[in-house]
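After this come two complexes, each holding subunit A, first together with subunit B and then together with subunit C.
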Partner chain A sequence: MAILDRMTERATRRLAQGTSRRSLLTALGGILVGATGLPLLPVARASGGAGSGYPGVLPQSTGDPQDPGDPASCDYWRYCGIDGFLCSCCGGSASACPPGTEMSPITWIGSCRNPADNRNYIISYNDCCGLTSCGRCMCNRNESDLPMYRPSANNDTNWCLNTKSSVYTCSTAVIIGYAMDEEKK
Partner chain B sequence: MMGSAAAAMIVLAAAGFVGVDNPSTAKNNWMLHCQGCHLPDGSGSADGAPSMVGIVSRFLSVDGGREYVGKVPGVANAGLDDTALAELVNWMLQTYDKEHLPANFKPYTAQEIGALRERPYIVEAADMRQQLLEKMRSMEAAGENR
Partner chain C sequence: MRAIALILGLSLFSGGALAADFPEPLPIEPTDNVATLPASYPDSWIYAMDGNFYSVLDGKVLILDLAATSHEFKGYIGAGQFGSFLAASTRPELYVAETYYSRRVSGERTDAIVIYDKQSLKKKAEIILPGGKRGQSVTQKHSFQFLDNERLALIFNFTPAASVTVVDLVERKILNEIPIPGCSLIYPTGKLGFSTLCGNGTMAAFTLGANGKVTGEQRTKKFNDIDNNPLFMKTTKVGNTTYFVTFLGTVQPMDMTGTWPKVGKTWSLVSEEEKAAGWRPGGWHILSSDAQGRLYFLMQEKSYPGSHKDGGGEVWVFDAKSKKRVARHVLKTHAISIEVTRGAAPYLAAVNANMEIDVYDAVSGQHLRTIGGNPAQTIFVMQASGG
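Here is the complex of A and B:
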């Protein structure tokens, strides 16, 4: 028992003599500053969605300099007339449906300018159908979208037509050709 | 110069489009204004936009058919001017149903299309189509349709 008493006394005295009373404040201050600095670390930024603009969505790339931008971002050039959830965020891509869904053959078609070569491309906004709405990466840009009385160019329609299921899941933006500039006569 | 002009005529004739200034423009407009519903190959869908393939030019051989093609909502309401629309219709007839094109086929002009689309079908298109298809069938039965 005496040994235990002596050891405890010596340890306590050493601690009291070796540290200042303010070290507690130092430690607390360090924790406070550290806690506010934590969200600035790259790990926190990735889950914050700084790349694509959507929370929890990591940036993507086509890997093709002729097809620039992030397909998981609403700013991606092909999405200029889209209205819906981006299939890129739903297990598919800008031109493919997520597994378990079916691409609608009936679709609306518009054109977007590719910033890489400054040409207009014809874009087919095929909907993917058959699973519940994806709910991620809602994107509504509406360039060249026309009102309902021009049904072939309206993107508010559910284009899940002629598919097994008419339940809308998400939207793609498939390049189907070059758009020729209007020729003036 | 004359030689190259003649060669150009031959090339145009070989391409085989009558009443189409630029087939690429017509195809471009088909993609932008039609194929979303009629599909890239013109085959349409069962309950939606009807098929063009092997049928559309036959309308030109029945009474009222030529007007019908200019007045159906998809044609009349397309967001194109009369010239571009006439070319598109001519291109469409010759692309999706060249075999049924009447021997005396006259391409649509901008004026004709312009006049037809001023009075477009609104709800009667489906009924008109059925009537014209009936006419085609009775013509076939009578052996008038070679």
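Here is the complex of A and C:
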């Protein structure tokens, strides 16, 4: 499977090379590492158009115009600090773990701006645990990520803590609040 | 099957025609034949830690020779579930701190330090780590460190309560667990002590007795400007100086050789002009050094908030003493982690975008070869055998 992943990754990288220097940089930037860190499928971030950005992953929609974008795409607004496989691509959703796993009760918290209502939402990146790595839709974005000495802002950590199994499966991005100050502005 | 039979038939037939050229057949070879390695590895060898994010249960540590033009792949050992790794230089042993479940992804959790013989790469012993608390993260060199001339090992725990377990590697027993609330990872300090980076911008330091018990504790002043220009947690050492670097390219030297860590005077990798062009260090393991006193940094252009792990296209080389840039290597392929060997003719290894290892002459920057062939899924950290 990984061979296939890498082949598609190379293909997407070639595609990116054909476009512009900026998109090439974005594409290569996608190699990131993450906590879980991996070479991420590059076009995912560069895309933003139709399709999930991951070859072989069908597009999704929340159906709610206030929650825009594709939860099976790395550039979905809630994923601004995510690091891992998108649970949306693994049988779960942006806010639900796949069947057979357990959601980690503790994790790191970031904030992402929702382009539809322009609010800054507090996002909890709960990991799902107990099955082997999902492997689909690797996505690593590091807005507001800080090193491990600030664990509550760190996505390099395996957050499968206080779960029956610490085996990492995939990552969610759950809305747990929004910035009140932003609301007043 | 028929095709195979045909090929066998053809080779037997043509073999007869060539027998005159080779009067003696090839010698009979023994089975039960397993390769071994030398007890001490040349300084051109590196350990490449594959976290294998696509199946974290099954990570490994590859042993590679960067100088080789053949037989570059020497062997590997397992390192499961965000494993950490140490190689001893005072005895022929390798150590992996790892985690397993009795039923692969479920059942009883076992955390252990597994001890491998450096020549056979066979498991020779293990030390069970109590409490199921070994910290698991993307590979960090400073989650597992030697102390007291490799007699002790320190292991970082995270539950999310942070602590350090002190292990006697010679007696193979657990000595102590030291809470380090609000702090992370392990930086050996002095003869028998360690420091740790804290979320308030300080470094906390502990001195230990031979039994692993804490005998003293101090904190540095606040020197890590976490909210504006945080330190990466990676280091490299030249002489008595341990080097950190910040997200924006400020070098933070530290003297960790005395009883307590001393915060050195900072300097910048980037000029104002380069800063304006967005140059800064970026990637996972972003710095290294050689035995000649040069520092190497993986650099990215056009950075933006959140690009600190995106890797980079150049390696900038600085003379540690003069703080002057002495070379700027443009990489063949964008890289996420680097390591430099410690020999007289150092090699620069760079994990590239395809998760292969590009090998460069560290001094000239010339690309020599690429070690690939799908040996690993996600290499994050490399460790030079001599460093």
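In this section, the second predicted complex is superposed on the first by the 130 of 185 C-alpha atoms of A that agree within 3 Å, B and C clash if a C-alpha of one lies under 4 Å from a C-alpha of the other, contacts with A are read in each partner's own complex, and residues count from 1 in each chain.
In this section, a contact is a pair of C-beta atoms (placed from the backbone, for glycine too) under 8 Å apart; a residue touches a chain by one contact, two chains touch by 3 or more.
Nothing here was measured: the structure is a model prediction, and the numbers come from that model.
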Examine A:173 and indicate which partner it touches, taking first as subunit B and second as subunit C; both and neither are also allowed.
neither
Which touches a greater number of subunit A residues, subunit B or subunit C?
C
Between subunit B and subunit C, whom does A:124 touch in the aligned arrangement: first, second, both, or neither?
first
Looking at the overlay, what does A:165 touch: subunit B (first), subunit C (second), both, or neither?
second
Going by the contact rule set out at the top, does A:72 touch subunit B (first), subunit C (second), both, or neither?
neither
Between subunit B (first) and subunit C (second), which does A:137 come into contact with in this model arrangement: first, second, both, or neither?
neither
Regarding the shared-chain residue A:57, is it in contact with subunit B (first), subunit C (second), both, or neither?
neither
Given the touch rule stated above, what does A:150 touch, subunit B (first), subunit C (second), both, or neither?
both
Regarding the shared-chain residue A:90, is it in contact with subunit B (first), subunit C (second), both, or neither?
neither
Applying the touch criterion given at the start, work out whether A:109 contacts subunit B, subunit C, both or neither, answering first, second, both or neither.
first
Quick check on my understanding: which residues of subunit A belong to both its subunit B contact set and its subunit C contact set?
106, 146, 150, 161-162
If you look only at subunit B, which of its residues touch subunit A in the complex?
22, 24-25, 28, 31-37, 39-40, 45-49, 74, 77, 79, 83
Residue set of subunit C touching subunit A in the complex reads 51, 53-57, 81-82, 99, 101, 104-106, 109, 132, 135-138, 140, 158-160, 162, 183-185, 197-199, 224, 226, 230-233, 283-284, 300-302, 305-311, 313, 334, 336-337, 353-355, 374, 377-378, 380
Subunit C touches which residues of subunit A in the complex?
1-3, 5-6, 9-10, 13, 25, 28-39, 80-81, 106, 130-133, 135, 138, 140-151, 156-158, 160-162, 164-168
Please give the residue numbers of subunit A that touch subunit B in the complex, ascending.
105-111, 122, 124, 146, 150, 152-153, 161-162, 176-177, 179-180, 183, 185
